[in-house]
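In structure tokens below, several structures.
Both complexes below contain chain A, partnered by chain B and then by chain C.
Moving on, here comes the complex of A and B:
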């Protein structure tokens, strides 16, 4: 099932309460809540892993040549490499954002978030415009969704992943906006942490998807 | 007070608006693309997605999160709403797990009644051969509908028991994520509405398993059905996540995992399955849905080279079966593990003896959950997958019998030599064991490849799974309803009516399930509205009639139970705090349970099931003052 913004981290918005608990016992509650949130988040990842595994299984089950060999369609290798690099780079800036807020460096935090969101958007544009060919006036894509199992699986896998990237970008922008208004601190920034681990998770998924779609198997010509 | 002070009314309005907006949106996009404005299937599909969101916004279960995105803090409100009558909290978003537990249970019972009514309709059709009043397609829509509604009802019943009981049993003030808990419940309402709505846009005639290629070509009803299942699936995922965090992080000091009430172990194992496997039914249905909507040929064998051979790029319907059963076999353990937990929970109370082999029961639930992931192929012996696969799937399936047997023996060991009290809950527990035994014994017959060949897709399978699901869920669920009714309402149900219910329902159920198996062996197939009256040497019609009559008797028994509860919820005899002399934490506090269940943190001082041993306490709720 797809991720919706609600699922990202149960109660991740506790971040919003960051400034409203004061004192020692407030902090203890906050820390215990964060431990629960963290566990919830990891369980959510475990759940999502099954969705992505199902898609990987589908890919290896369906992409078979006439003699049962593992095959893949011809895609734009350059596009694949570029979007992958962009996404991996974005994870670095996400990490920088988290480290910055942990050290109360707000300006760095905000800048890094914006860079992450920008790179995430670049990834999305790369996939949708370059690889999918959504706007044939700009770039003509290689495959259509209706091109048998090749179209179905490429669009299914990249589509499901893109949906997660999109929700991640929205989340990052939300955190950025709250951060600008003065939310989060070195001590209390579960909202940022949730956003960061979600982003790394989505990245990790791509590390499995990219070779499955672009690298493994012999290429096969897909007629239209 | 207007109707729209009730969250559910606002939600349903939101659902209608969402549907309309979604449809208009689809038309608008199509006009922009230069296509014909109206196309029924995309309009209904997008409309249905928007209708789920519309409901959630309308009912108000997203309010707090929306505020968080704007940085507005939202302290949790405890207690009934301040400006409305107290009863309205049951019809609106409420964050107390006891309210949510009741909401789950009541919604589950409602669905049970709807699903039962559907079953009575097609059972009447089957009482005689020939077609009486249902057409072939409508009949098939009805059996699928019956199956899926009942699955929803079971998931809701499981959610109800888990949400109400788990925090009480571990002495937690609430679930770990109260808002997520409410959301988990409210997903179910738009989901059920979509499922019922699907009947009016053509229905879906492939049964609850919805195999392509039929489901990829049938009426629009399939899309609504898929989305309804999606909503329920999301509920399962967030609900189980919440339960796992609650169980792992909110136990009181001293309550190690092996000192939890045994029901908590059942919920733990169930939640692990729900959290992970549910994704697979979602994915497989989503794939059929996009195959229909966008022409993505996951399961369409035609391929891109069309008639040219060898075919390249063709999809495979068997893949759907793998993905689907990877959820749907473990799902049967979602249905039964909590029920079996109830059996283990109640037996010691009514036998006044310690639970025999606590650790073994706890671990057998985990073992069933884990092995359950490795046996899905037993539904596919005749699907045409690689022959070799049949062998490991057969042996893996037979392996499940071991942990299941462990449970049976420890139940027997618990009753053995006990001072057994035959109150209604205990009767239902014993009924559950007898019925589950019938179901469990027919499992290996189906799991053995040569015997499955003739029995597959016959009514024998129908008999098998009704016995397992009644024994594993329905009977224990009813036992739980009778048992915790005094805790929830503070009143006692009528014991005589309860016993009558039991003595009508149990023999009727035996007739029903054995009758289903019997007609299956005679050659009656599943999912066919008509049958040959000469089957079974001309006996089949009388067997079918017996099954139908038994079905009506069960329905009558259920009505009796609901009437009993309805009558006594407000005016029944006061039950007292602990009518069953249970040791479990929820019985050590007043009935009905106050808003904040426990006045002070629990102290765990002993083992949970030491019934009959002198001076052996389990928990104390009073603060002892030394900390």
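Moving on, here comes the complex of A and C:
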């Protein structure tokens, strides 16, 4: 029996029970829809994987030395490590946000979302300022998009990834805004879950892009 | 489920997130140092490390199992 039925006594018990059953059936429908949504989301990830895999294959196909060995351009290793750490940390806070709303801890949920959005923005700034050198007054970039296959691939991979990070940050801020207005609960938070797994997907892509761009292969000088 | 066991479960979920994040950080550092320490800078080693990180993210952060499970919200 619900709290309403207990409060109002047995004469209101049937109405309250009906309401309770309607709520249960509503929740069952919600859970069924959520299962379908999850599947749809993973199919979306599968389609996105083709895009990112194509970029990875391009990198390993085009970045070859004179004897066919795998090479890579000289990039700022420290910058690569820092932006990777920032993105991994953001994934932790995104997970914390999801766990918090599942446990109805709204303040933790909102704070964790804001931290995630901040770290996502820091990652973007790191890539744009450090790696792309869009502000040469601060840091001079290592490559330009016109630097042959190296410039094209680095900017293609980091650019496509950065676009996903940017859309993820916008999505997180949107979820934060809705959460602030009272949306989502421990039982119903598919919007948060979708946003979280999207963010982790963006992180997952970077887990493979980071060694491909920064770590694998012999360093070579790229003529500018 | 009693209140006590529910609280235990909640802290276990929070702790799981922290443990996964720490393992990911350690693997990233191992990756970084492997890349500058021959002969550990091979394609195979670095890709295996990336795969391990990927599996952790997909399994614990993206909850891939929830596609088949019935009870998760």
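FYI, the second predicted complex is superposed on the first by the 202 of 224 C-alpha atoms of A that agree within 3 Å, B and C clash if a C-alpha of one lies under 4 Å from a C-alpha of the other, contacts with A are read in each partner's own complex, and residues count from 1 in each chain.
Just so we're on the same page, a residue touches a chain if its C-beta (ideal position, glycine included) is under 8 Å from a C-beta of that chain, and two chains touch if they have at least 3 such contacts.
Just so it is clear, the structure is predicted and the values come from calculations on it, not from any experiment.
In the superposition on chain A, A:164 makes contact with neither chain B nor chain C.
When the two complexes are overlaid, the chain among chain B and chain C that reaches more residues of chain A is B.
By the touch criterion defined above, A:77 reaches chain C but does not reach chain B. Of the two partner chains placed around the shared chain by superposition, chain B is the only one that A:47 touches, whereas chain C remains out of contact.
Contact with chain C, but none with chain B, is seen for A:88 once the two complexes are overlaid on the shared chain. In the superposition on chain A, A:222 makes contact with chain B only, while chain C stays out of contact range. In the superposition on chain A, contact is made by A:61 with chain B only, not with chain C. Applying the stated contact rule after C-alpha superposition, one finds that A:39 touches each of chain B and chain C.
In the overlay built on the shared chain, the residue A:142 is in contact with neither chain B nor chain C. According to the touch criterion, the shared surface of chain A, contacted by chain B in one complex and chain C in the other, consists of residues 35, 39.
On the side of chain C, the complex with chain A involves touching residues 10, 13-14, 17-18, 20-21, 24-25, 28, 31-32, 34-36, 41, 43, 46-47, 49-50, 53-54, 57-58, 60-64, 66-67, 73. In the complex of the two chains, the chain A residues touching chain B come out as 1, 4-7, 10-17, 20, 32, 35-36, 39-40, 43-44, 46-51, 54-55, 57-58, 61-62, 65-66, 145-153, 155-156, 174, 178, 181, 183, 220, 222-223.
Residue ranges of chain B in contact with chain A, taken from their complex: 62, 64-65, 67-74, 176-177, 179-180, 183, 230, 233-234, 237-238, 241-242, 244-245, 248-250, 275-280, 282-284, 286-287, 290-291, 294-298, 303-305, 310, 312-316, 319, 322-323, 326.
By the touch criterion stated above, chain A contacts chain C in their complex at residues 31, 34-35, 38-39, 42, 70, 77, 81, 84-85, 88-89, 91-92, 94-96, 99, 102-103, 186-189, 193, 196-197, 200-201, 203-204, 207-208, 210-211, 214-217.
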